[in-house]
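Labels run A, B, C and D following the written order; every chain starts at residue 1.
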């Protein structure tokens, strides 16, 4: 019963991880950039959802109407205005520093605007739940999960079924070759970043439904997310999604015998083990060998 | 027998870059590796020098198996290489660039008199000794090509692999590089050269290997290759 | 400039720097200023230690704060649990951390760039988790109290540790200088410039990176351990903070990673600024913003460091000097930068 | 690579200038205080960072105290001036702050910061400068195990004793009503854990079985895992060693799982003004220990509540009361010893507090040699949408509700 409950919770959590990790993978695939600020934007989106609910009274879900386009634009801007300025030779290192700096800035601004106090969206259905085979699922968690699944499916369709998706995949696989095929890789890269950041907007909204947020929360997300993309094989979106589900589930299940804190270490153990024994990751992704 | 490969294979995802490349290079000669774009020449170089691990096959040098060895071990075994788009250490001086090729010796100073003299003699021989104290990033393309070569030679390799030594250099420099290769070869060094400039290849090579689609399709002295129909076919796409 | 007079100048500069550091305690008007001096020196040692990896190989670690924290905790635990004398514990702790750096480095350095940064950040986060959770051993969030090594009044305590940090700084700088002029150092620098190329020239890049990472970890742990003995109270939240690592990066980048005294200058600059703004304006989350913006500016516009950039600028202004290729292109580079802005 | 001589020299010059500069500009701070000068009280508080909310509460308490004292003509005829620094909830900073207050600013008295984590390092600074250190927040037992001689905790009880009245009450229930099992979830924080474990020890000794014992890191946001365990164990008693938000999150997660304990006690969280709304107003029966009540009959309390409302336009909570109490304790010592400056005087203040009782807004306080107060907390319970004192019986405002209605 506890086991089944934990599996359900792990599944719900894994969905959110999968969505966020796929955004992170997208950046890496496009530009070989480890985007440390991804989770800072996640928290920013959650704050915006909270703020709109708290001050204007709209449902957090509606905040996506604003945050998704906003974040898309921010992503495009980030890529075109900042990252392209870095020297290609030191791009990987310097981009980490740059996005790290952005994360600090976002965290600081959040702290300045909203103070360090923990915030939580209070909804009429916050504590509502329903029963399924003896386990209970909270409504807000299910909404968050469904949101993640929809966003992921959307991403999948976009990548596999559209011309833009084809251009994006070509850019990820071989930038020079894509350019020879007449793809404007610069523009594609910018839009790719936009999409990545838009996933953070969706994720942040989902997050705001069920957890408390505070400015430095993003550090607790970026660690697991980085572990997930390495385990999944840097640059492989399906790999990241699979790794996210597996690790999310593992965390949830390990909480039973080990407790909350120790269960979190599963991400880092997986990260170190992957780098030490199988740096190309467990779910494909040949990019990892060189990075 | 010196450098040789046996059935070397390498695929990237679905694309086969090397498809069973079996080649013997002639020791003490200037060997050339030619072929159309995308025929796998650079991948071949990378597999031989350990920058890429082949999927299967073997690389041997003087009867030693070098397959899958780390690049620095292969370099120590006597194989020196240059890169397709010339690579130097941009924020180090020319002298330091050359000294970096000295087999490393812990905390001893890298500025020993004998090393500096040797490095300067290579810079002098390549005609860029006046730039010894300039950083590589401040040098012209041609100067950097010469600097890269000086660095490789400083390590005293018996076999030198050059990836497009003529790429992007002016005719005067081209002549100098050609002459230099012949001179160095006369001193006993084996060369393997990937090159698109057919005039250079035909004028300096003793032995030519032609690659197409990841494997050799013809080999022989320039006179033979010049008239080989398969080679023409590969280049013209017939 | 002829070599001999240049040497005299450099020598004078070092002597001045050393003198300034040495007389500081007698000039400090109160123990508070002295304790700030200790903090700044601690930062200077940490930034110099960071620079063994960051400056030589170009691998940027955001996790050195965690290595320092580990050094501090190891020292503290060895004193408290194993009953070692303070400074023996410090030495053993540094060795332990250096030993731990071997497997860490093997995981982080086998592949290039990004993984190293990921591992360095993960190190901070996992150590924070472990040291908080393993309360029975580390004291957890109750903290760990490290006994004072000497029975001194507080101002004297600060003075003694000020000199201890100064000695450690001298050793770290000396070690950096030794490596800088060695063949080993040249190999490391060639890795920074072009790792493939270095390897093709016969440099065992992995071994070199690993060795220098271990040396760096050792010095970082020494600084962390000395801090623990000085400060006395360790708390996982503050010992394993991601901010410490970012301050170190900022200091080193600001001062210039390719210079012997770059990180020291950066540490004095940033450390003093931190204290100053704290005292004058108190603290708001804006210090995070300032750190972030400063770091971004340095990364975007002056990746070689602010002091070196100023040096270049002055050199360019000084047109009476003989014109070398270097200067012409420095001018061109600056033009390009301007155009890019 | 040769060192660029220009750079080296400019660096050295900068350092030198800096050394001289800091030395020069700070030299004028050391004036000794004459009898008409104000008494400067140095305080470091977490006004930003993790503990900023309670930190600001304590600050208001101190400010209210200073105002009340000054309105009456000050201490020893001298006005009281507060010098408050922000430590960002950071131990490095809190030490630097007290270092600055004592060493550079030469304040006459120092009082404590907020949170146990910050009390221990700052108490050490005070100890090593031989300063009296009365503090409003270091309630965990570790604070009193460091061998500090100058430290006094200005509250009725240390964390482990907060639930004493509740434990007595539970164990005194008839056997058929007495709960059999208990679940504990505590934040990894010395204070929060101390409260929960104090109760745990006593209940275990009384035969109440512990079925879940979870510790979570301070920044945990996802409580579903812990909640799942607690719900699966169906414990009769739930004890949360919580601060504010984590307590709320745990309750919401438990509500989502449909878990209904017979008794639920949380430290700190239930007294927060926003608590009821945050858990959907299903508060009835939730318990919380408190060291302070606005309605407490102590003499100075009426004055405090009144003046505080006038100054801040709201009623004081426990944090504010703690700050105020700290001021009262220091004031009592200063008045009795007849002095307030660094040096010999501090020893007199310490000695006086060790052998005397002080009347405060939380009742009379006295301390043992380690500075530990000798009392217990009252227990409050949510009854009819208000939180009221239910234990001990002699000060109760409402009857103890048991078992707790569903939430």
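To be clear about the criterion, a contact is a pair of C-beta atoms (placed from the backbone, for glycine too) under 8 Å apart; a residue touches a chain by one contact, two chains touch by 3 or more.
For each chain, UniProt lists the protein as follows: A, C = Branched-chain amino acid transport system permease protein; B = Branched-chain amino acid transport system ATP-binding protein; D = Branched-chain amino acid transport system substrate-binding protein.
Just so we're clear, the structure is a prediction, and the values are computed from it rather than from any experiment.
J.: Could you find the chain whose CA centre sits the greatest distance from that of subunit B?
T.: Result for max centroid distance from subunit B is chain D.
J.: Of the chains present, which has its C-alpha mean closest to the combined C-alpha mean?
T.: Going by the distance between chain centres and the overall C-alpha centre, it is C.
J.: Could you give the separation in Å between the centres of subunit C and subunit D, each centre being the mean of its C-alpha atoms?
T.: Each chain's C-alpha centroid was found; their separation is 37 Å.
J.: Quick one: report the Å distance separating subunit A from subunit B, using the average Cα coordinate of each chain.
T.: Distance between chain centres, rounded to whole Å: 44 Å.
J.: I'd like the Å distance between the centres of subunit B and subunit C, where a centre is the mean of that chain's Cα atoms.
T.: Comparing mean C-alpha positions, subunit C is 40 Å from subunit B.
J.: Can you pull out the residues of subunit C that are in contact with at least two other chains?
T.: In subunit C, 129, 132-133, 189, 194, 258, 284-285 touch at least two other chains.
J.: Show the residues in subunit B shared as contacts by 2 or more other chains, in ascending order.
T.: In subunit B, 90 touch at least two other chains.
J.: Any chance you could list the residues of subunit D touching two or more other chains?
T.: Residue numbers touching two or more other chains: 48, 188, 215, 217.
J.: Once bound in the complex, which stretches of subunit A touch subunit D?
T.: Interface residues on subunit A, with respect to subunit D: 1-2, 5-6, 9, 13, 111, 115-118, 120, 122, 126-129, 131, 136, 138, 141, 210-214, 216-217, 220, 252, 255-256, 259-261, 263.
J.: Touching subunit A in the complex: which residues of subunit D?
T.: 48-50, 52-53, 89, 188, 214-217, 219-222, 224-226, 228-229, 231-232, 244-246, 248-249, 252-253, 255-258, 277-280
J.: Inside the complex, what are the residues of subunit C that reach subunit B?
T.: Residues 178-179, 181-187, 189-190, 193-194, 196-206, 208, 258, 324-326, 328-330 of subunit C touch subunit B in their complex.
J.: In their complex, what parts of subunit C are in touch with subunit A?
T.: Going by the criterion above, the answer is residues 58-60, 62, 103, 106-108, 110-115, 117-119, 121-122, 125-126, 129-130, 132-133, 194, 242, 246, 249, 253, 284-296, 299-300, 303, 340.
J.: Sort out for me which residues of subunit D touch subunit C in the complex.
T.: 1-16, 18-20, 22-23, 26-27, 29-30, 47-48, 85-88, 90-93, 95-96, 99-100, 102-104, 116-117, 120-121, 124-125, 128-129, 140, 142, 146, 188-190, 215, 217-218
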